[in-house]
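One structure, pasted below without further comment.
Chain IDs A, B and C follow the sequence of writing; residue 1 opens each chain.
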Amino acid sequence: MDAILLQILNGLDKGSAYALIALGLTLIFGTLGVVNFAHGALFMIGAFCSVTLQKILTLSSETLSATEKDFLGNPLKIKTPYVESWFGPEVGASIIDWAVPLAILFAIPVMLFIGFAMERGLIKHFYKRPHADQILVTFGLAIVLQEVIKYFYGANPIPTPAPSAFVGSFDFGPLLGLDTSLAYPYWRLVYFGFSAMIIGAVFAFLQFTTFGMVVRAGMADRETVGLLGIDIDKRFTFMFGIAAAVAGLAGVMYAPINSPNYHMGMDFLVLSFVVVVVGGMGSLPGAVLAGFMLGILESLASMNEVKAIIPGIDQIIIYVVAIIILLTRPRGLMGRKGVMEE
Amino acid sequence: MAILEVKNVGKRFGGLQALGDVNLNVEENTVHAIIGPNGAGKSTLLNCLVGKLIPDTGSVMFDGQSVLGRKPYEINQMGISRVFQTPEIFGDLTVMENMLIPCFAKRDGAFEMNAISSVMNQKEVVEKAEHMLEDMNLMDKRQMHAASMSRGDKRRLEIAMCLSQEPRLLLLDEPTAGMARADTNNTIDLLKRIKEERDITIAIIEHDMHVVFSLAERITVLAQGTPLVEDTPDKIKGHPKVREAYLGESQDAA
Amino acid sequence: MFGLEKRDTRLLIIVAIMALAAPFILNPFPTDSAMAQFNAGYPDLMQRFVIFGILAIGFNLLFGLTGYLSFGHAAFLGVGSYSAVWMFKLLGYNIIPGMVLSIIVSAVFALAIGYISLRRSGIYFSILTLAFAQMLFAIAYSDLIGRFFGTPITNGETGLQVYTSDPQYFHNENLPNIPHLFGQEMQSTYTLDVAGWSFDFSFGYYLCAIIMLLTFYLAIRIFRSPFGMMLRAVKSNQQRMNYTGLNTRPYTLAAFVISGMYAGLAGGLLASMDPLAGAERMQWTASGEVVLMTILGGAGTLIGPILGAGFIKYFENIFAKINDNVLHSWFSFMPDGIEDFMVTIIHPFVGKGWHLTLGLLFMLVVIFLPGGLVEGGQRIGRMFSRKKPSDDAADGTTTPAE
C-alpha cells in the first residue's frame, strides 16, 4: 500500500511536467490553431536557463594563493565567484546555492521574448498554411534549437543541483499514520507545488481577466471572436509568449530532478502530445488531468511488482493507455466534438 | 409514388429546436422546392437527408429504405446526390479528373483497388466523362485546375459530377446563391434541360423566388422548423400565410 | 512503353540511366585530387541513396498523394530490418526470405497502426503515428517482447545481429558467410581503374538500384491509376469524396499499408547490406528525415522523393567529413584574420553540426519552397524559357495527358 502511495507521489513531478507542457500546447493550439512541435524545445530551453544562470553566478576571478601551493609547487589558484567577492562569501554562496529558483526570474523575460520572437518571426506566417506545413516548420525549428543548445552546452547532461535547503526527503510515513517511512524528496514537493501554482495561475488568468475571456471565446469559436473586432493578432502573440513561459518555467524547475540535456525537449514533447490527445485536443482541464494521470500511471507501472508480471510495461504504458482511450473515446477524455476535425 | 418520405423528423441543437416535426413527401420525377426564411431549418433538413446529421426523432425513407444511420457515402450509393451551396469540387485536380471521379465511383462502388492500370486506359469511363463535359460545355476547360474556374463554371461542374452518377434524387442547396442574373438564368435553363432529359427527382432549397417559380412543381414552405404549407406554385403564390411569413419580406428585400 | 505514357517512360528511363551509371556520375573527380572528397561513388553511400530513395518514394505515395503526414514511418524501416535479420539468423544469409518477410511484417504493422491512426486526420493523425513509432522504438530499444518471452527478439541496445550459433537451416559451407543472393555476395565489388579515376561496381548496389527502379515503376503506375487519382481526391476534398459515394477510409488505409511496405522493403535492404538491426533506425529523427527528403525533393511529384533522398544522404556524408582542417584549406587564400573568422562561422554547421544544417534546411524549404527542388527547378526553368507553367511540369503532378 505505501509502495503504491510512494509511486503516486513519484508520478506527480513527471505528471506536473507533462501537464505544464500539454497546457501550453493546448493553449497555442486552441487559440492559434497551430500544433507546435518546438514546444518541447521551449521546455528544454527553460531547463538551460537554470544551467546558464548557475554558470553566470559561478563565473570566478582567479587569484594566486600566497600561502598554499599545489602539488607541483606553484602557488595554488583560488577561484572566487564574482558574486562572492561582491556580496561577501556567505551571501554570495547562498545566491549560487539558490541559482535554480532565481532562474525563474531570469527565465520569464527570456521565455517571453523567445515566445514573442517565434510567433512574430515564424508562426504568424503559417496560420493560413496547411497543418502539415505548420508541423514541418516547427519540427525544423525544434531541431535547430536543440542543436544550438548542443553546440554551446555539449551533449552531456549538466547536473544542476537544487538549493541545499531542499536536499533530503520528507517522510510522509508518520504523517499518514503508517508504520513504515515514506521518504519523498523535498525538491519534488516543491516542483509539484510550483506546477500546481502555475496551472492555477493560468486558469485564473483565463477565468478572471477580459483577456482570458476573449481567449476562451476564441478557443470555443475562432470566427466569432474575429467578428467582434478585437485585435486578435496582438493577443495571439501574447498567448504564445505565455505558453512559452509556462513551458520554460516547467523546465527551469525540472533541472534539479533530471540533469538537462539537449534532447530532453523532444523526449517530453512526444509524451506531451500523447497527453494532449488523451485529454482531448483543445481541452485545458483535459490536458492537466491527463498529464497527471499518465505521469502517475507511468510511475505505478515502474514498480517491481508490476514489472515482474509484464516486463518493461513502464516504458509503453502511456502509449497503451492512449490507444485504448482513443479506441473507446476517439475524442479523448474531455474533448469536444468539432475540434480538430476537418 | 413518393421517392422520399420524411416522417416526424425533429432535431435539437442544445436549446435550439432546429426542426420541429417535419413531414414531407417528394414525388418521383418532380421538382420539389423547399423555401423558408433564414433559420427555418432548410439546411438542417437537407443535412438529415444525406447523413451529415442524424435526426433525434422520426424517419427518412428513400425508395422504401431508411437512410438513417447510414454514412454519407452509403446514402449517395443509394442514389441521392447533393449539390452544395458553395461548390464542393476537387480544387487541386483538373476539370477532367473531377469528372472522372464520380464516373469511377458509379462503376466501381465505394472502394476499388484499381491501382495498376492507367486512368486513361479505362476507355468507357473516360468516354462517359468526356461526354458529360461536352454536354455541360466544359470540354475546352478539361485541363484547367478546377479551383481556378469561375463560380458559374464550378457550379456547372458540380452538377455534372452529380449527374454522372445517375442519381434518382438530386438535392440542390441554393444552387444560384451569389450568382449574377445571367448565370442564374443559365442555371435555371440547365436544370430544366436536365429534368426534361432524364428520369430524375429534384429537391431544391432556394431563396431566389424567380428560380423557385421557374422550376418547382411543388413547394413546401418551412418556418421555424416546421412545414407551414405544401402546394403547387400557383397556390403558394396566393397563400396569405406564406405571403405574410415569407414572400412579402423577401420581395421587398429583392 | 511498359504501359506508361510517353512522358513517364522518359522519366523512368532517365532515372534508370542515372541509377545504373551512378558509379561513373558520382565519381567525377580523380581519386587523388583535392576534390575527391566530394565523390560519392562508393558502394556503401550509393546503396544508401537508392535504399532511402525507396523509402521516400513509398512515403510520397502516402503524404504526396493523400496529404496524410505520417511522422512514424521510420518504425516500418526498423521493423523491416529486424525481420530480415531474423531470417538471416533462422534460414541463412540468402536475402530473398528476408526481403519477403520484411515486406509482410511491415504490412501487418502498417495495417494495425493505420487502422487506428486513420480514424483521425490532420494533426491528430501525425501525432498518433509519431506516438506509435515512439512506442515501437521503446519496445525495440529495451527489447520488451524479448524480455516477456525470455529470449531476445530485438536484442535491445546492442541491436540484432547474426551469430555463428544461430540455426541458419539452409546455410552450408559453400555459401558465403555474409548476405548473398543465391551465392552472389552483396559486398562483391569490381573496381575499374581508368587513368586517375577509380570506379566501383558493387553487386549489392546494382541489386538495390534495380529494386528501386522496380518500385519507382510501380509508383508511377499507382500515380496514374484510378486509385492514385482517388488518393489525390482525398487530399483535395474529403467532403466531396463522401458525397460522391466514395469511402475514404479504405483508400487511405491502402495507401498507408503500401507506403509501409515500401519502408519495410527499404529496411530489409539496409539489413541485407549490413546484417544488423538497431532501434535507433526507428527513432523520430529518422522519421523526420524521411519527411524532409520528400518535401525537399517535392511532395506529390514522382521524381522529387528520389532527388530529396539523394540530396540529403549526399550532404549528410559530405558535411560530416568537413572538419576545421578542411575549412582552413578552403579559406587559406584569405588573410589570416578573415580565414579564422570564416572557419568559426561555418564550423557549427559542418562535421558534427550536420543536424543543425538539416534543421535549417527543413525550415527554409518549408518557408520558401514548399514545392521542393522540383518546384525550384520549374521556377528556374520558367525564368529562362518563359513558358507556360503547365508545359514544364516534367513530373506531371496533376495532369493526365491525353
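Methods note: a residue touches a chain if its C-beta (ideal position, glycine included) is under 8 Å from a C-beta of that chain, and two chains touch if they have at least 3 such contacts.
Remember, predicted model here, so these are calculated numbers, not experimental data.
Participant: Moving only to chains each one touches, count the minimum steps from chain A until you reach chain B.
Facilitator: Minimum step count, chain A to chain B: 2.
Participant: Measuring centre to centre with C-alpha atoms, which chain is farthest from chain B?
Facilitator: Between chain B and every other chain, the largest centroid distance is to A.
Participant: Relative to the centroid of every protein C-alpha atom displayed, which chain's own C-alpha centroid is closest?
Facilitator: If one averages C-alpha positions chain by chain, the most central is C.
Participant: Cα centroid separation between chain A and chain B, in whole Å?
Facilitator: Measuring from centre to centre gives 52 Å for this pair.
Participant: Could you please state the distance in Å, as a whole number, between where the Cα atoms of chain A are centred and where those of chain C are centred?
Facilitator: Using C-alpha averages as centres, the distance is 34 Å.
Participant: Suppose each chain is reduced to the average of its Cα coordinates; what separation in Å results between chain B and chain C?
Facilitator: Each chain's C-alpha centroid was found; their separation is 46 Å.
Participant: Can you pull out the residues of chain A that are in contact with at least two other chains?
Facilitator: Within chain A, no residue contacts more than one other chain.
Participant: Any idea which chain C residues touch chain A in the complex?
Facilitator: Counting only chain C, the residues touching chain A are 63, 67, 69, 71, 116, 119-124, 126-128, 130-132, 134-135, 138-139, 142-144, 147-148, 238, 284, 288, 291, 295, 348, 353, 355-356, 358-363, 366-367, 370.
Participant: Going by the contact rule set out above, which residues of chain C touch chain B in the complex?
Facilitator: Of all residues in chain C, those touching chain B are 3-5, 221-222, 224-230, 232-233, 235-237, 239-248, 250-251, 254, 390, 398-400, 402.
Participant: Per the contact definition, I'd like the list of chain B residues that touch chain C in the complex.
Facilitator: 50, 71-74, 76-77, 81-82, 84, 88-94, 96-97, 100-102, 104-106, 108-122, 125, 143, 145, 161, 165
Participant: Using the touch definition up top, name the residues of chain A that touch chain C in the complex.
Facilitator: 29, 35, 122, 125, 129-133, 135-137, 139-144, 147-148, 151, 266, 270, 273-274, 276-277, 281, 310-313, 315-316, 319-320, 322-323, 326-327, 330, 340-342
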